[in-house]
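Following this line, the structures themselves.
After this come two complexes, each holding subunit A, first together with subunit B and then together with subunit C.
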Partner chain A sequence: MPLAYISDYSWEAIVPIPQDDGGENPLAPIAYQDDYKTATGYLRAVMSVEEVSDRALQLTSDLIFMNPAHYSVWAYRARLLFALKKDLEQELIWIEEVGQRFPKNYQIWNHREMIVDKYDNPIRELPFIEVMLELDSKNYHVWSYRQWLVRRFDLWITELPYTDRMIENDVRNNSAWNHRFFTVFGKGVDIAQSEINDEIDYAKRAILKAPQNASAWNYLLGVLKRAQRPLSEIEEFCNDLAAVTTTAQSLNVDIDRLASTRALEVLADIYAGRREVEKAAQAWTLLAEKYDPIRENYWKFKNRRQVSVSWLQPK
Partner chain B sequence: MTAEQNTVHNEELSVVDSLITESSTTEDEVARMCAGLILDGQLTVLQRQLHADFLKIPMSFQLPPNYTGLDASKPWLMYWPLHALEILDPDNQTDDILSRIGPSIMACLNGIEGAFGGGNGQTAHLAATYASLNALAISRDEQVWSQINREELYKWLMSVKLPDGGFSMHVGGEEDVRAVYCALASAALLNIITPELTEGTAEWISRCQTYEGGIGGAPGNEAHGGYAFCGLAALCILGNPIEMIPQYLDVDSFVHWLSARQYQPEGGFSGRTNKLVDGCYSWWVGGCWSILEGALPWITSTDVLWSKADLQKYILFCCQSPRGGLRDKPGKSSDFYHSCYVLSGLSEVQHRYSFRPKLRGSESGGWSFMWTYELESPDIVIIDEQNVVGPLNPVHVLPAGVGERMHDFYAALGTLEL
Partner chain C sequence: MFALDRHASFFQHSLRLLPYHYTQTDTTRLALIFFCVSALDLLGYLPLGNQQCSSKSKITKDEVERWKEWVYSTCLLPTRDAFRCSPATAVPHYAYSLPTTHSDKVDYDVGHTAGTYFALCILIILRDDFSRLDRVGMMRWLRKCQRADGSFAAGVLRSKSNALSDSLEERFGERDLRFGYCAAAARWLIGGDILARKNVVEDIDVDRVLGYITSCVSYEGGIAMSPYAEGHAGGGYCGVGTISLLSQGKVRNVLGDVVIDALVRWSLMHQVYAEVDPESDSEDESDSEVTSVSSSDMSLRGPKTDIPAGFTGRINKPADTCYCFWSGATLEMLDVPGTCSPSSMTGSLRLSDIRSNIMFLLTQTQNTMIGGFSKVAGAHPDLMHGYLGVAALAMCADVIREQGGPEKFVKDEAEGEIIASVLPLKSVDGTLCLSTSAKQYAEELRAKWEKE
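Moving on to the complex of A and B:
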């Protein structure tokens, strides 16, 4: 039994426009369900005359539930909502339903951004984002939306504690770390050195929980670089984690105690920055041959160039 | 160069954290699954016929109703399998298939806006326009090429250009670095790049590079393999990559981040820090390597900076679906998207690309069509003859020569008054 398109509105007076896939024998035709075929026939008809009506709005709701990736429907829906002066809070509630039904769909975020911007009130946003990040704590589009929201409504105050909580849940959640960097540096105001110190300590504590966690290391190194602080500031920290002791000419690694190969990598950059060529070469050779052999070519390249991450060419 | 370069790394890393979180649990599962499929020291065979049969489905049958979710991506449903079929074996591309591309794509043209949408009667969209033009390039159908109104398409591109230098996907749509890449790649094929179109765009891309070294979807967003490719390839369209890349990206931190994308023991690439490997990044990340290695001779003269042998291992052992087609990882189904980008990744493993500015003269808009290739040396990766796939253009992700031909067609028509 084919699925008929059932609507609360009358569609009798409208002439649906059938889909023309091109030619006698088009590529990639889809065997649509009957309800979708009928509804998109009406969609092409109302969109072609840019009809502004409640039935067109209802049609967009129905189509979004059949195919939430249909971006033309979303864009048309936004135009209709504004033209019909619809209650935007109702729309936000509706989007929440769609979001939970189709958690991977990303068209909703651009749509919600337009609605919230016009609604001019972020009251429903953080709870909704929370629900969506519970479904997928690394959902790229949700985090991007959160950045937009924070900027738009100046919500910076909530963000550091929020990333604390997300990082507490999973110290390897790189999206949360990225959001933390955005929170600290995205405001575009000068940052007190004390705040930088807090962030360095925060990252170090996270590294001690899981010394191989690239997210925390990238954050630590990113903060140092942005704050124009020298890598040598974390040399002792790295010595401990890489179980390194040094003499003037060479380094000694206690292989059984080494907890972080990334610490060894940072040390190599520190040595190279000081032109301690031998020591840097030793560290890179260990990475290439023992600790990170899949990236052997990269470590050997670093050694050949003796270029440290701390003296990069400026952008 | 040493002979060890072409060896693979199947053993687990020696230093591993004991703390368990959601990220580490999923990573351990995938590493275990992949390790179980990878056979020591053996090369497995690319199942050409099986993949070709899968890729020909959109050319031979009506796709079942569960493809409705891709109803706003029809040009992609053509470009992905067409590109994959051609690099798999050019003989797959029959005259019958090629002749059906033109009408199928032109049905997606939004005649009022002047650019392509995700299907018949849909709103014009940059991703759809990019996929449409790529599919038309593969068609070699000059009659259809001459039907495209480039003035109208240019006007539409300017209508989605934003004051900050970026582009939005459609009128009122989201702004991201994908949109930038799709706009510029489309304009390059049609030879309609102007200073007005590209003003402020390289600077905008530069703002998308994050503290990790990779590129995010928009300024502030997390570094991501797909966006990294889009940003890097866009710079290669905007000008001479030898100058553009170091001018707008911090190359050392970009390379550092890129290098961290390859995982042991899987051999494949992840798209973000602490995320899982996925076959599609064989292209998005591998394509970045192709471009860097080909454009910046100081990055590499004879060596490559990553393990091609390990990526080839991941692709052949873990990404081939037993039912045909390529996939994200073991346990996932194959699809056209992954088939396209996994096979492109395999092509990238097997070839060495070089940017040669003198190759074709430096007429404006032609920067992305000056790439040559050669088969990779056996010192870097051992390639079994039966596994070889064709070369491509690393900026446009098209079979080599195809985009060049389309660009030359429009270049020969002379400059438009834009």
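Moving on to the complex of A and C:
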């Protein structure tokens, strides 16, 4: 079967090298399509002499579209691009095509990072990321790449409003929440208490919209921990969401009004931290027996040990 | 019911031939082979030494020997210090006679940390003794793969003239926790720590690895694939697994009580009910997306204990077969004082809902027609999810055995039979993702090297 690039380039002077699959009984052989078999045959041939040519570059492109996870092709392509002094913007355009075709692929992001670093200009990046996050708003590679980009080109200023928008679109998008945490704390500079307060309020508002949303809760508790603020600061907030009223010895939960089991969990940790054993036990028992039976063993274990999650309890 | 023999035939068929859509995993073929071989091991289908082997298995000892030969002949580099990930990436040198001016050219026929890990695992399962490897050279190569920040690359490009030349050295591959795990497992399997202790070869920079993993601990109490990235159960597994392998299982000494407690909580919170998307109200939609809501969302609406709960990889994402292994094994490696005896091998996994996890895998993602498991309900089974489904169930079976049998885990007799159907699975070691018997064999090798 002829390949597109065979008509573009002459392959007469080179002998394709077939794959050595280890004899008559190969393990887990893949029923390759003819195109792939032909292309990899030529690839081995050019790689074995590290041929630096346009036809080799085209071959890497054809192969990546057939198998984007081919790790040595990516390494070869990167060296070819620089050796042939190719226009890096053209390469970025090409990557955009590959990325949209294979959104789950790991290698393209590593490759793009290297190209953009050399290109030294982020102009194409945010729009491309936008397209990719429209395909999958939780694409792990894309969010990690965005972090690299923000650091590399000092793009911090646009990020907080960006996470506002993404979280507004989907308040349960944990990737967007994580990016917000990176935006606020990843710069490595001191943060004003007023900014911390803003973030706490922001998370609280999101929790009120969706009281069971673990992403917003994790953010709230993560900010408190990072800022070394006490958990007791949100006790009232949790009382409301867990519909809890307390006396010195015990707590009352209005079962019809309880909106958030996480609020109840945080309260249990606060009680345990204050050695209010009875109250903590009541909260954990409710979680084990009524609200969160999947983790029954965990809540019972906490109850036996009477431990608060010290992770959340700043020293 | 657990379709043990179906799964065995699924993995045996896959070893014989894979359909072309596996082309996108062509360069990780050793991973595919590992999934098959290790699954057959856990299913009791491999004739190994004096071990019990299913009477239904037709795999012969000669066949197993040939598999071993095949791994060596197609994937070990001529330098004997690393493995490729696949015969597909081999670049033979005979086709062109190499002019001397080419001596500064790069050799693309490179070793790969993941390929090396998978090859060593396959060989350990098949009871090889690694006498054909250059173990000292492999340690040197692993050191070359380590970056200054402590993380590991997939591999190092070398020049054709001089293997591991420093001048041409160029690390390739993504920067995350996966390759560090592969390197740590490879180091343990070849007794690299023993060689280093005896001053035969310099060790990898263990402190830097540990430092890198610590920097990946996220604000959620989980572990991310890289610093400040989102907590991810795969990152949790690689991070905790690496620490466990580098510290001889003393994860708590490295991470400390606070981080461990948070990690246990975070991993347990990833167990979520499988449910058809509540927002899609068109019931006749056959391909309606399966998603999950947090357990508490469910229970607030009333207990629905008939819906099974598997594990997800990230907060607010649906349960998926592979995370039943990654999260389960992470929990297994994290011991919680007071929950179990010191000799327990299942750690804090017992704090999860084992029954529900088994039911998720058996009723949602198991394929009883052709065998294997799929990622989510209704998808096609594939080798990775197939193997990790089997391994996750084997881990659950370990907990059940440790707790004295299935009676404690079931609601009624009918369910008792279903749960008991996973008990024929062999015991599994979550840290290495191998059967416990394979791990014990590796320990015997290490004991031998220790005496050398």
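The rule is simple: the second predicted complex is superposed on the first by the 302 of 315 C-alpha atoms of A that agree within 3 Å, B and C clash if a C-alpha of one lies under 4 Å from a C-alpha of the other, contacts with A are read in each partner's own complex, and residues count from 1 in each chain.
The definition used in the following text is that contacts are C-beta pairs under 8 Å (C-beta built on N, C-alpha and C of every residue); 3 or more make two chains touch, one makes a residue touch a chain.
All of these numbers come straight from a predicted model, not from anything done at the bench.
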item: Clash or fit (per the criteria above) of subunit B with subunit C on subunit A; value: clash
item: Subunit B versus subunit C as contact partner of A:Val49, first or second or both or neither; value: second
item: First, second, both or neither for A:Phe301, with subunit B first and subunit C second; value: both
item: First, second, both or neither for A:Ile157, with subunit B first and subunit C second; value: neither
item: First (subunit B), second (subunit C), both or neither touched by A:Ala214; value: both
item: Touched partner set for A:Val15, first subunit B, second subunit C, both or neither; value: second
item: Touched partner set for A:Ser137, first subunit B, second subunit C, both or neither; value: first
item: Subunit B and subunit C footprints on subunit A, overlapping residues; value: 17, 19-23, 25-33, 36, 40, 44, 47-48, 66-72, 75-76, 109-110, 138, 140, 143-144, 147, 172-175, 178, 181-182, 186, 212-215, 218-219, 222-223, 225-226, 258-261, 290-298, 301, 307, 309
item: Subunit B residues touching subunit A - in the complex, by the definition given at the top; value: 4-5, 9, 13-17, 19, 21-24, 58-59, 62-65, 67-74, 77-78, 97, 100-101, 103-108, 117-123, 125, 169-174, 206, 209-212, 216-218, 220-224, 246, 248-253, 255-256, 259-260, 262-264, 267, 272-275, 299-300, 303-307, 310
item: List of subunit A residues in touch with subunit C within their complex; value: 15, 17, 19-23, 25-33, 36, 40, 44-45, 47-50, 66-72, 74-76, 79, 106-107, 109-110, 138, 140, 143-144, 147, 172-175, 178, 181-182, 185-186, 212-215, 218-219, 222-223, 225-226, 258-262, 290-298, 301, 304-305, 307, 309-311
item: Touch list for subunit A against partner subunit B, complex; value: 17, 19-23, 25-33, 36, 40, 43-44, 47-48, 66-72, 75-76, 78, 109-110, 114, 137-138, 140, 143-144, 147, 169-175, 177-178, 181-182, 186, 209-215, 218-219, 221-223, 225-226, 258-261, 290-298, 300-301, 307, 309, 312-313, 315
item: Residues of subunit C touching subunit A in the complex; value: 14-20, 22-29, 32-33, 36, 66-67, 70-71, 73-74, 85, 87-93, 95-96, 98, 102, 105-106, 108-110, 112, 154-155, 157, 170, 172-175, 218-221, 224-226, 228-232, 257-259, 261-262, 264-265, 268-269, 271-273, 294-297, 299-300, 303, 305, 309, 314-317, 336, 338-339, 350-353, 356
